[in-house]
Amino acid sequence: MDEIRGLVVTEEGLVEQDLMRDTLTKEMWVNMGPQHPSTHGVLRVVLALEGERIVDTEIYIGYLHRGFEKFAESKTYPQFLPITDRLDYISAHAMNYGYVLAVEKLMGIEVPLRAKYIRTLMAELTRISSHLLWLATHALDIGAMTVFLYCFREREMILDLFEMVCGARLTTSYFRIGGVANDLPDGFIEKCREFCNIFPQKAKDYDDLILKNRIWLARTINVANISGEEGLNLGLSGPSIRGSGVKWDIRVSEPYGVYDKVEWEMAVEDGCDVYARYLVRLKEMRESCKICQQCLDFLEKDDSGEFRAKVPKVIKPPEGEAYACVEAPKGELGFYIVSDGSTKPYRLKIRAPSFANLMSLPKMVEGALVADVIAAIGSIDVVLGEVDR
Amino acid sequence: MGLISKIFGKDLLIGLNRTGRYGVSKPITMQYPKEKWTPYPAFRGTIRHLTKETEEGETRVRCNACGLCARACPAECIHIVGEGKGKDRVPKTFVIDFSRCLYCGLCVEACPQDALEMTSFYESAVYTREEMVFDLDKMLEDYSKWERTFKK
Amino acid sequence: MLLEIGIALLKIIVVFALALLTVAYLTYIERKVIGHMQVRMGPMRVGPHGLLQPIADGLKLFMKEDIVPYEAYRFTFYFAPILTLVTALILFAVIPFDKHFAITRLNIGVMYILSIASVGVLGILLAGWASGSKYPILGGLRSAAQMLSYEIFLGFSIIGALMISGSLDLVKIVESQHVWNIVYQPVAFVIYIIAALGEINRVPFDLPEAETELVAGFHTEYSGMKFAYFFLAEYANMIIVCSMATILFLGGWRGPVLPGFVWFLIKLFALIYFFIWVRATFPRYRYDQFMKIGWKIMLPIVLANIVVTGVVMMMVQGG
């Protein structure tokens, strides 16, 4: 600040000095989280603010660290499966999927077609439920609280479906190395079909409330911009990078399951902002619904009943290493396993999408306002269980 | 969006219409203690032991203390001490610490005797940690008697 | 003399008791209405359909520990909620619920309300500063800017109505409305409602307490009864702005068949219902966007409205 000299009454009488001496403005450091209503768990973001404008962002993570990668080294292969549920606890099926794929690759197991279809169906239902939870909390962060309840209404239906199949709503542990735990129960296909039919209508509720709403547009368009190139450099993946116009989807580039057998479209938007990511996820939910329909068509006709390949009783992969990745709802989820030929992994590394995505937050909120940080965190959809592992 | 519809706030009115309509429709929530959710048969609730009739007509636990479930358990919460030999082998103690259990169902899957079953009992909250540790006698009881009932 | 004082006291007691009761039950109504809009039920536990919920809430807040942060300026910290609540409540003194039912009839009633309401802002500002914490300061700063500027639009938007009525006396304003002012002043009414939403910090303009951004804004550090004061003041203010809208634009207690105060209450609660409805539906604006709307869109419109009203009135009267 410029100097302004003037006379000031002090103990020594009138003295000429810099009047602005004591009014120097400093930036204010604000701790956003770990206890904050909108940091989605225990994320801590330290913001340096000048007024409400952000000059610096620092992300502190690790509040939910449970040491899963080390933990895996002391568990047998099947035993680690329920642990992967707890990575991204709102899309447990996708986490299981990544893990079993890696182990199967290591052991060279061929999974029966029916199991593949069931897995794909479950993964897509998970995607819908994860995106619903994302939309709910994202809208709530921006202030539209009713969307939250409407999203939960549909999410509840998906969780009911999960419960019907595998008995748990959140930590499902349904996949097994070589297939799935059990076949679909009676009545599941009809119920799932019913959900897939009514979901697009119900999804109209969210559109009514926010899709064209001028306040929503004002809050999301041109906020937290990140170009495709910057995103790639920072390792952004999943819907967050597809919102920046990059056509990158593991389901297309390295098809697993039956993604090459069903028809669907990759959702890509060019906006690079929060709104674009929002549109991508909205579209993905509807595409997932389509994939589910096709999986159901197959499962209805198929009566092979083969839901699990023949695998040895004790899982003992040969020495070697394998990397397998899936398109989890948050982005590219990868499991890298090194095996020394024993029943336990020698080393297991998890490439968690939320972790990589979160690192692009400082870039997104450069020079933005406090309210934009909330929108940005929401738009990259982090789950702290996966970030900290 | 046209200028006219923008001035008259068409986007806002659509939203108001939606919430207004739901405002007079029936709620979909369940009033928990009065109405209760009945889980699907596959539900993975608190684990229980099953019994079988022997040829002599006595009921005894199916478990023969082989220890496979304890080995399958990722949480290491099953503790078994067996007694007897061959066909007569039964667990002397069989303890599951449900405060550590993940309810993953791997133990049930591993059991060659189908001795374990996951019930649909889910109101398992208790006041102390000791009460979460179930021994064999407790796991042979009928859990439904602990279900909380509330008068309407 | 004694009789007059007695009547005045009786009026005060009746009005304040009613006001506090309404304020308490407004929280219940709000939760219930929003609940149903969100396909759930709202409070259901305490009493039949949760009717005793506000009382339970009050008791709970009353028995909560009263925390004063170490860094807070004690006196101001205690003073701020009292100031906010008192200014909110004494506004009820001039609201005519019926032709003869107001605590006092002031010939500058509108001025009184506007000026006392601006004192209420101080409470929020002081609360923000006195908490000695960062989120409250941000909330306090936001509310200072927001409420000061929205008071301007609020004031300007009612000028048209005042010009038509030709008085600042609330009773006279109502009596002059043979046709409701909203017919002559639709634009001003809309602006009034928007400015009122901003003035009383409600969605979509609830920036000073935007919980997902600033935790709880200016009352982050408040707990127990002090928090309850802010809470009550907020809802009292909501009743006041809705009453003002009823009086200025919707013809106050005027209406056929039913007695005056019933009409007044019907109009009042219709407006309140709308406020709640808006809260259930819309997201929240960002701080800078909100100020832009105020100064770049609303101010020109409201000024133009005054000019047009003046010109038309001159033409009609000057003939």
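Chains here go by letter, A, B and C, matching the order in which they are written, and residues are numbered from 1 within each.
Everything that follows uses one rule, which is that a residue touches a chain if its C-beta (ideal position, glycine included) is under 8 Å from a C-beta of that chain, and two chains touch if they have at least 3 such contacts.
Note that the structure is predicted; figures quoted are calculated from it, not measured.
Enquirer: Assign the assembly's chain-to-chain touch graph to one of these shapes: line, ring, star, complete, other.
Expert: Looks like everything touches everything, fully connected.
Enquirer: Could you see whether A-B or B-C has the larger number of C-beta contact pairs?
Expert: A-B
Enquirer: Hey, how far is the Cα centre of chain A from the one of chain C, in Å?
Expert: One centre to the other, that is 41 Å.
Enquirer: Please compute the C-alpha centroid of chain A, do the same for chain B, then give the distance between them in whole Å.
Expert: Taking the mean C-alpha position of each chain, the two centres sit 27 Å apart.
Enquirer: Based only on mean CA positions, could you tell me how far chain B sits from chain C in angstrom?
Expert: So the centroids are 50 Å from each other.
Enquirer: Quick one: which residues in chain B touch 2 or more of the other chains?
Expert: 12, 15, 18-19, 28 - these are the residues of chain B that touch more than one other chain.
Enquirer: What positions in chain A touch 2 or more of the other chains?
Expert: 146, 153, 209-210, 213
Enquirer: Which chain C residues reach two or more other chains?
Expert: 37-40, 280-282
Enquirer: Touching chain B in the complex: which residues of chain A?
Expert: Going by the criterion above, the answer is residues 75, 78-83, 146, 153, 160, 163-168, 171, 173, 181-182, 185, 205, 208-210, 212-214.
Enquirer: Note which residues of chain B are touching chain C in the complex, please.
Expert: Residues of chain B touching chain C: 12, 15-16, 18-20, 22-25, 27-29, 31.
Enquirer: Which residues of chain C touch chain B once you look at their complex with the stated criterion?
Expert: Going by the criterion above, the answer is residues 33, 35-41, 44, 277-278, 280-282.
Enquirer: Under the definition above, what is the set of chain B residues touching chain A in their complex?
Expert: These residues of chain B touch chain A: 1, 6, 9, 11-12, 14-15, 17-19, 28, 39-44, 72-74, 102-106, 109, 118.
Enquirer: For chain A, which residues count as touching chain C in their complex?
Expert: Touch residues, chain A against chain C: 28, 30, 36-38, 49, 51-52, 139-146, 148-150, 153, 209-210, 213, 215-216, 218-219, 369-372, 374.
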